[in-house]
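One structure below.
Labels A, B, C and D are assigned to the chains in the order they are written; within every chain, residues are numbered from 1.
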């Protein structure tokens, strides 16, 4: 399995006066999905930072399709979409847990830096783990409709 | 002048443990820039909502170039980059106020909805005002280096 | 059992440059704990709002004892600490899940309002449910050290 | 003058589905007020941190009186309310700029720490500057009604 899935519940403080989750919070949900993806593969980002490896976000894009509402449970599915010597890209699908409706698609690119903010190569072991997991597109088994069982 | 510029100061609570403004906050800065752009042209978004016109964000992208630091002043320059019958696109440049360094470029697409979440046409007056202000690209006078005077 | 407990993981975007969860986020964690407390007792706050009952926060206090770190799991234990005709108070303890260390204690007071922002009495059923669950203090079974099993 | 005042505009992303600024954001506004108070007295908190002096928040309380709305301008007035050898307390009043209505009162206590998180004495110069500015209560000239001129 090349994806990781986390389940969250939309917080009241994440809504805005339009009655939906504010669009900026999706970036934190994706970040939590990415953190889980890495932790589940033995590459905790907290550990990386303690070794002086940083992965700041250099690019994001999000397509919002349907609103997420307060107290709804949502799933964030994460996969690696590309790896280069000094950067890695993740893709995310945000789904309403109750029925599998796709709420948003997102991508982020992260660049590898040392503790002084200088771009550097991804550590060999991390790059190898990421490369093995690259998926060009979503697998329907991961992001398809829920609740059919 | 087709752009609006607001000046903000990076809040401590906007930083993350990498010692820079967390990437999600740029979306709120752009939102404040867009709000100012509209207010300065007599189309307050707060007023639009009170008339039942909503402009939820349907798409965002951000390229992060240089980090923004706590207590730094930043400028957010906003322009309209495109108008269609049911949506409008804005582009933003985030600059460090002290020296004009470009910190990030962003775009957002907003779709026009009524109070029940149904897509509708932009009101004629608003569409006309937006259309007159469309700029395909940045004007150096708006986003060029500061502090040369 | 008069308390509810939820488990969260500290998000990267919740840290600040001091390397700890920024103090404002505890209010969202407490809010999520309160939401769970109500939902588990059949009084979903989302449902209350759809019936025109609002419970805005009128007062908060937080004592921060130990920092919460990125990627740590934390438990938020919630109890009702007081009920009056037009308001209700909740108390919260935030614990590090791995060892039960108390990270923070918090209280919030919520006032009951109608859809126009006018203070009103708590609905009878809700007030009754809240009143039955009032606890003056923490039960050690709920907030004591973890991991002894 | 022992107070500092900053002016902010409520961001859309700071509202919640109750149509008001969510209560957690007041802590960031107070933080920005405190940052300004220190900067205006030559004790930039960013500089303090670069010297290895940290002032994490150990306690907060907020009383919310009236809601703050999207796009409204608000003033945050900050004063020092107490100084001890290892901690300092600030008090804040949040006002609607248009008419001076008090929206909230808040207090925070900050404890002085070194870079390893160990409590230490406030640096002598900082403690002296803070002590000279202590005010037990609000001066009406600072927080009284606006717009009467």
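Please note the rule applied: a contact is a pair of C-beta atoms (placed from the backbone, for glycine too) under 8 Å apart; a residue touches a chain by one contact, two chains touch by 3 or more.
This is a predicted model, so every value here is computed, not measured.
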If you average the Cα atoms per chain, which one ends up farthest from chain C?
B
Contact-pair count is greater, between C-D and A-C, for C-D
Counting in whole Å, what is the centre-to-centre distance of chain C and chain D, each centre being its mean C-alpha position?
25
Averaging only over C-alpha atoms, locate the centres of chain A and chain C and give their separation in whole Å.
28
Got the chain C residues that touch at least 2 other chains?
12-13, 17-18, 20, 24, 27-28, 70
Touch list for chain D against partner chain C, complex
17-18, 20, 23-25, 27-28, 31, 49, 54, 56-64, 67, 117
Using the touch definition up top, name the residues of chain C that touch chain A in the complex.
9, 11-14, 27-28, 31-32, 35, 39, 44-46, 69-71
What part of chain B is in contact with chain C in the complex they form?
12-13, 15-20, 22, 24, 70
